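The following block contains the structure, expressed as structure tokens.
Letters A, B, C and D name the chains as they come in the text, with residue numbers starting at 1 for each one.
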């Protein structure tokens, strides 16, 4: 595959990167051009990602569409990319969501009409910047998913913080409950918190990355970051890590991913970041960027440090359970729509991490599907919430009520997004959540039961939110005047909902791709699924 | 390869001696010394220009002379490197006084490039308002005049400028070129003084805020001289211990490989106290120049007070030269004492990283902030120094290359942000800069991110190289501290970015001056190097890697 | 006389010089103290030169003297400039920049 | 024929999709489309039924495998249907009663501008319910299970502008989710035990598994059933669910959805048969609920809530019967079907009454309505006679059989259960007679009354909101509403007899549920006599209390028992105090903790560095001499450290 064929994976990442540059270069007065350009680029990326999916042969090699070029020989780094089923699915998710994010944020970044004079307006190009940054994030996320070299992954894992940081800090909701100035302050607090949290995690990972190099350089002919090479060397016994070394390195990696994911108690940046950013950016954070964290746990923590992963599993499972319950309980207690969704996401990331560390095929396939489906469902819920918030200019739940009376379509789509969030059967997230739970239960029954309690809590926070915002009498004039979803907004939400339903009913195309990759991962950690108590029960059809 | 084998007459002598060599006409390898000679020659010509050329013509001639001098010297460095003097033909020249080897040529190349760019920032004349009918630069019209006095007013009115800065720059660079190449302690000391004295003067020459500028110069001078005193006393003690000032000679004594030590030498060799105390004092003199804790205290004040182009040059080039000298001293002279100085430098590195990062958090002046940042970076580089391996050397070389251009670029940007009182260095004035001048703010953000070590910038590649070398050298704990310090440091870099992009601009905020091509080129080179070294550092890593071995 | 005694003297001078730098306020005197330290170094060099029986130390001492002279030129220029601006040569007065 | 099974589900699903996505242009025709698709489903069901009758017992089950749904290694979930006699019974009940209620709703919801959506939800419910009973594995059943929960949520909260309706809908869903947890865990256990969760292999191999595992599975399934079928302790949502439009109460919260728990237990019979402990818990839950529901039903003045209590109680009978094992399964299902008829009829009657009474639900404000609504009176009356077990009518047969089976449980258990069922029969007669008398007999209490008193806890806020404070003019409902009532009344009267004709129903179900004849310790005629006696006693007491003296419009304070029964025997208050208030305190303190402790630690670290920085920068005091001290000290330390290093 790798010989001289078209570098499809790289192209999928390079296209949005180039698009970002082009979008940023659009003159200030041509804002609309920038928007359409960005949308077109994102759709083009979607096509390429679709091509990746199509070119990926589920029954073939573990990593496909591989590319390998010399890069920084001194650091033992090659530019190596390639996709397994998990990466292919997540790349597809990323490419899928970006056009919706762009379309949803169509009016989110306009220059102030009361800007500081013509001179300032001429150079300040928030619209171009907004869409360029989104495309830049997309490019980096795609490379992160595709990287099969630890260093390449690390580079983009860290670098994507910067455009994200500008997206969070630079583009908040126009109206803020606490006033304009206070809003700007909280926004920059959120952005800084996001960056520092993740940077700190990333720097700790840097220490571990260097440690990994030292270990490989010590025992192999040359230091390397190549996943495959390290895995092969470990399998052949050529590379042996001392127990403590492996554990320390694992912790370094895991901490960075746990911040990104985020896992309790490293989660507090997420509510701030999601609360203060605009809805499309919030979606970008939780549905796309954070997935890199959980993905990396699956690929790097488990793939590089199988023994340490097994060693850490009990603690990670407990933390994941705490995340599930804690996130859900805090979501119940939130007064702010976006923060509520953020805490709900923390709970969901708990599920994903639980599934990964359950070390069963159901758990890990479930976790992978969960990443995809949670992306779609959160996008649906959060984007509709964004539309709602843009109408009323408030994020506070208490400022709403009775919306379904005046905007039934908005309320309906919001409800479906909410139902997907609470994993209603028939919608996609149910499949993944159930797989995670069943996978967890089959190895750790007690953990499975505690996590199952999460589904009750999910119902509480989703329905409480729906009840408080959408139902009841219309007693606020702002609500009474509220328009229903506009065609653009409907065009954003409807396909997401259709996908949620379709994948809920027929997730097989995705499971077919993901399953072999999960089997490879499980063989990395030398785990097999627990056998059923009663062997050889024939499935009679 | 030893110095003695090259200079034939000295070969017979058991101990290398300046005196004995001087008895015969020494052979000087002019070609190998040409970079330094070209720069110093240009400096001398510059003095003559000051003396004889008409005032109006001086600026143009000096700029051209300095640029050509640096470019020519750089070409000479290139030629030497191509000629293999960085690798297999590496040797000592100038009667054992100067080493021409990989690290020396690499660092000389870096210093010359930095200097070339610095000439551009020195020559910038579009930022200050015109005076006396002509454009002026950011140096004092008449340094001798009392600030605010009649003489100054007259000088300003007349549109005078201080074109002496260019010869001063040339002299300083000449000293810096010699510094990392110095192969005996005498040359080391002379080179130190040759580049320090012009810098003291340059610090005092700001056009605006002259009181601060003068204060900076006084502090820099007094503390610099104080540290020189320590250095020379240390040199004296080392000489007392080894009976020679040649690096190779001292190394031999330290290792105990002298064939037949005389009675005096045998007596002094019996006790290591002289060696240890002398070595420590010499190292301290060098640590002062790199601005490592606890010898860092001059840095913030001098960085803040000096004219910004000078600060940029000084911050970049001094660090390169001083680290080069430190490397050579530790790797060539004192490798036998490795177990003595390694823990000490560990301590200095850790304290530098942490203190620089922590104190920078609460800084309110952008130049002081960058000063503290440079202290933290000194700590990072020291982590590579203590790796005590060829990888360590080359990682430090690479880091210096990366760091110097980021620094130069960052200070060049600082020169652009101005209000009625000159440069607006207080951070509060930078609020909302991203709104007014997105491009300038973005460029500065790139530099800040490089300082913070964000991937895809040169700062990351450098940090990675240094930490990797340190970890391979068994300094894993140092890497962990470095990582923590990086996290703390990230906080204040980010703070500036927040200020620029997410704060509302104040109505009476500064404006961003449109610079001439000089500064634009300087900043452009900075950005380009930052990104190229971040994205495709392999070529430069190779270069640094080949340059990782010292001649002896 | 044992040349080692010169070393003791030199160390004493160096200490006196350093103390002067630390405790005196007048920039000129501070500077003079530094010169004292340099001269202590010179004395050391010469003494060692004598002990080792080679001339390197003496040559170095000459160089140090030249450098010291150059330093005086630069240093006095700066100090005088400072004095003219402030009508004071106290190093403690020059503390506009801090924190 | 197999492929028709899919169509059963598809028809109403299509209806739901079209109606919900179709937009305003379907407002005028949507209800007919919905009804037609429900009827289509019924017709398909009927076709399949007659096809099934054409085959012999064991061969009657049909299977249809549509596609592989979630395949992950050992975990193989398929979308596959199984239509056996048990499913068939439900299909006919669901589509039959469902179609009737669609028809009824056309009239009932005529004046609601969101009628189209109402029919969409109804169709969605039908689809989900059919999926529930047709699924051939537990996971697909789970989809239907939650699907009906969703439909129930949407329909209870259909009048979302009423906060009480929205709250009730949410409560129903959340309480049901607790039950769903049970179903989830049961499926996990099946997967880890059997490696599959399809009905066939699990049930066939059930006896091979350990009893402990089976008990756990059984209890988890029971938890699920409790949630869905409003059994103690998860019964609290059903009373509030009456906030929904009455057709919804009739279809979902009386005839079909709430009986899903009984279906689940019956379907999983093989598991319960092998886990006697679980069975004991099942019958206990059934017995407690049948009394609990009956007592609550006795005290409610809201006609729908009284009926809801009755539903709870009747399902208690079914659960009890299902818990008895092979002697009870068939009876449970038979009672389920007959209950489907008469309870749906009763609810439709109640809806008809409310329709004529400006949506008034307080029975104390009814009275003497038999003259104004003759059709409603007659059909309601027949349903009433059926539910109290009047000899010859449906309820008599089905309930009597359960009582017999209960006595047959053996030993003390048999006596206790038998006693409970008998007592329940008496209570049923009492509260239903009370409803009957308060509504249709006595003096009209709705004339000349002032605006509804807010003091009464059961008064509907909607009555006030609708702005129709005028005196109601009771009238008979339109034809589209009365016809379904009449049809259901026929069912109420004849179904029981028909089913019991030569044990037809029992034999029909036997291949699926297995059957053993109950052998009660006392002769069957004695039990029957006792049942009839209890019934008459209940009727008599109610008659004495409500027909012999005037009924006050405002409810008297009543005894402690009455008051607590009005409040659902304080179970709701307990839930509120423990779960709702406790949960609120917990979340509030967690929000606080998250801010102060978890986030505080991070911000505190940042602040600590800031403080440290502020203190350390003071070292830089601007005095060159102090800088020199630092250097000198540094040099001293450097030298000392180097020397020390050597010394050590």
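By our rule, contacts are C-beta pairs under 8 Å (C-beta built on N, C-alpha and C of every residue); 3 or more make two chains touch, one makes a residue touch a chain.
Since we're looking at a predicted model, the values are computed, not measured.
Colleague: Between chain C and chain D, which partner chains are common?
Modeller: B
Colleague: If you tally contacting C-beta pairs, which comes out ahead, B-C or A-B? Let me know.
Modeller: If we tally the contacting C-beta pairs, B-C comes out ahead.
Colleague: At what distance in angstrom does the C-alpha mean of chain C lie from that of chain A?
Modeller: 65
Colleague: Nearest whole angstrom, what separates the Cα centre of chain A from the Cα centre of chain B?
Modeller: 44
Colleague: From the mean C-alpha coordinate of chain B to that of chain C, what's the distance rounded to whole Å?
Modeller: Each chain reduced to its C-alpha mean, chain B and chain C end up 24 Å apart.
Colleague: Return the distance between the CA-based centres of chain B and chain D, expressed in whole Å.
Modeller: That pair's centroid distance is 80 Å.
Colleague: Listing for chain B: what residues touch at least two other chains?
Modeller: 218-219, 222, 226, 230, 300-301, 491, in rising order.
Colleague: Hunt down the residues of chain A that sit against at least two other chains at once, touch-wise.
Modeller: 196
Colleague: What positions in chain C touch 2 or more of the other chains?
Modeller: Residue numbers touching two or more other chains: 18, 21, 30, 91, 94-98.
Colleague: Flag every residue of chain C that touches chain D in the complex, lowest number first.
Modeller: Per the stated touch rule, the residues are 18, 21-23, 25, 30, 91-92, 94-99.
Colleague: With touch defined as at the start, can you tell me which chain D residues reach chain C in the complex?
Modeller: Residues 617-618, 620-625, 628-629, 632.
Colleague: Taking the touch rule as given, give the residues of chain D at its contact with chain A in the complex, in rising order.
Modeller: Contact set of chain D toward chain A: 20, 63, 65, 67-76, 79-80, 117, 139, 142-143, 145-147, 150, 153, 157, 160-163, 165-167, 169-170, 173-174, 177-178, 180-181, 184-185, 187-189, 191-196, 198, 200-202, 204-205, 208-210, 213, 583-584, 586-588, 590-591, 594, 598-599, 601-602, 606.
Colleague: In their shared complex, at which residues does chain A touch chain D?
Modeller: For this pair, the touching residues of chain A are 193, 196-197, 264-265, 267-268, 326, 329-330, 332-334, 361-362, 365-366, 402, 404-405, 408, 412, 419, 424-426, 430-431, 434-435, 437-439, 441-442, 445, 448-449, 452-453, 455-456, 459-460, 463-464, 466-467, 470-474, 505-508, 511-512, 515, 518-519, 529-535, 537-541.
Colleague: Which residues of chain B touch chain D once you look at their complex with the stated criterion?
Modeller: That would be residues 218-219, 222-223, 226-227, 230, 272-273, 276-277, 279-281, 283-284, 288, 293-295, 297-298, 300-301, 339-341, 343-344, 347-348, 355, 358-363, 488, 491 of chain B.
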